[in-house]
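Below is a structure I'd like to ask you about.
Lettered A, B, C and D in written order, each chain numbered from 1.
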Amino acid sequence: MARVTLLYFASLRDAAGTGSETLDTDAADCAGLYEQVRVRHGFALPRERMRVAVDGAFAGWDAAPRDGAEIAFIPPVSGG
Amino acid sequence: MARVTLLYFASLRDAAGTGSETLDTDAADCAGLYEQVRVRHGFALPRERMRVAVDGAFAGWDAAPRDGAEIAFIPPVSGG
Amino acid sequence: MSGAPASGEGDARLFAIAPQPFDIAPLRAPLLHERAGAFAAFEGWVRDHNDGRAVLGLRYDAYVELAEAEGRRIVRAALDRFGAIDACCVHRVGELAIGELAVWVGVSAAHRDAAFDACRWIIDEVKAHVPIWKHERYADGDADWLHPRPADPTAPGR
Amino acid sequence: MSGAPASGEGDARLFAIAPQPFDIAPLRAPLLHERAGAFAAFEGWVRDHNDGRAVLGLRYDAYVELAEAEGRRIVRAALDRFGAIDACCVHRVGELAIGELAVWVGVSAAHRDAAFDACRWIIDEVKAHVPIWKHERYADGDADWLHPRPADPTAPGR
């Protein structure tokens, strides 16, 4: 188990009702972790349209959630 | 004969020593008129690199110098 | 009144997220180097419509830490790629009204090719990669986050 | 302090020759229409070098009447050609020091493609066709009018 802090933005923040949460996860990688929270919060966006960032830098979906990590799921961006 | 006012800019103004002059010409067209003043003032630019404007609008070299016309010989431009 | 990045902080001045309206003049002035002959700028403003719908206003959300890191990477890459002299980009977040400035990009270069190309590349890259999200409120009462698909021809801001 | 064209004079506000330094802000402000989402601008500044020679300063001469007619034709054509919303171009004449603003172009459009493309097209056309001439004074004591050949790869301002 790893205790991680998750950051939510835009439609994910609305769906989760919060901009961040701390949880214990047994997911082997960030892909599995996203599936867990996607089901729990009812996120509409499939993982294929998302990116993931760990501790403020883009990361691969195969990265393992480390204890104390800050993990952000990045929906398709729309700045500009 | 037509009495025309000629306008000189940039290197032509320097070579002619004036920005404008009025003269009587028997040139059949603006091309012939440019040759006359080019020889007289020693303009370095051949007609092929110039454009001509009559009364504030670009014109063809075959335009005849009308009495009272304002004719400008336009060297290659370098604004911007 | 200014969310502008201060000069002389290295890469920090290349890109910033501004939570409040910002002035363009202090962003443009440091880009006027004596060897620069050309300057190109882009401004994105909040339009009164998007994709055929009347827009009342919008809100931008950002992952500020990552957005600033990504933005600085993009601006630095543009300077290298196009041989531009200097550049700066600032993007607003928070609530914006119609006509408000959402994003500003300025690029100075010796010649205009590099200035235009780098400016265009920066705004394209920022729109494609920097973690900022737009939430639009429409005149019909609807409101939504925009999460465009990469190849969507109706994607906002094209 | 301003050679800016006033708004509401039809084509006259599209292009102007400015015999004195001019402010950009009053040129940019009228272009901020509510349906415009994008704004692109170009500025040409006096560089401290050209084609490898150190430049001390320069002077622009213009055939003002024809330059303004040609400039307005170009800006109007750009609006039509690229579907831009509004645009303005002002070009300085007279003596300019290093770092002074020589030319400004601003274009507003619904989307950034039209804004960038029209802005680039306007400055290219102005440089190619508007009867304005640059006289450069060099650090080596020489000075000359620039009368570039059309296909000259060392032509100024590329």
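To be clear about the criterion, a contact is a pair of C-beta atoms (placed from the backbone, for glycine too) under 8 Å apart; a residue touches a chain by one contact, two chains touch by 3 or more.
Nothing here was measured: the structure is a model prediction, and the numbers come from that model.
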{"item": "Set of chains adjacent to chain B and to chain C", "value": "D"}
{"item": "Of all other chains, the one whose Cα centre sits farthest from chain D", "value": "A"}
{"item": "Chain centre separation in whole Å, for chain B relative to chain A (CA means)", "value": "73"}
{"item": "Separation of mean Cα positions, chain D and chain A [Å, integer]", "value": "49"}
{"item": "Centroid distance [mean C-alpha coordinates] between chain C and chain A, Å", "value": "26"}
{"item": "Touching two or more other chains - residues of chain D", "value": "44, 123, 157"}
{"item": "All touching chain pairs, where touch follows the definition stated at the start", "value": "A-C, B-D, C-D"}
{"item": "Chain D-touching residues of chain C, taken from the complex the two chains share", "value": "32, 34-50, 98-99, 110-113, 115-116, 119-120, 123, 157-158"}
{"item": "Of all residues in chain B, those that touch chain D in their complex", "value": "7, 9-11, 13-14, 45, 49, 53, 56-58, 72, 74-80"}
{"item": "Complex interface listing, chain D residues touching chain B", "value": "44, 60-63, 65-67, 69, 91, 102-103, 123, 126-135, 144-150, 156-157"}
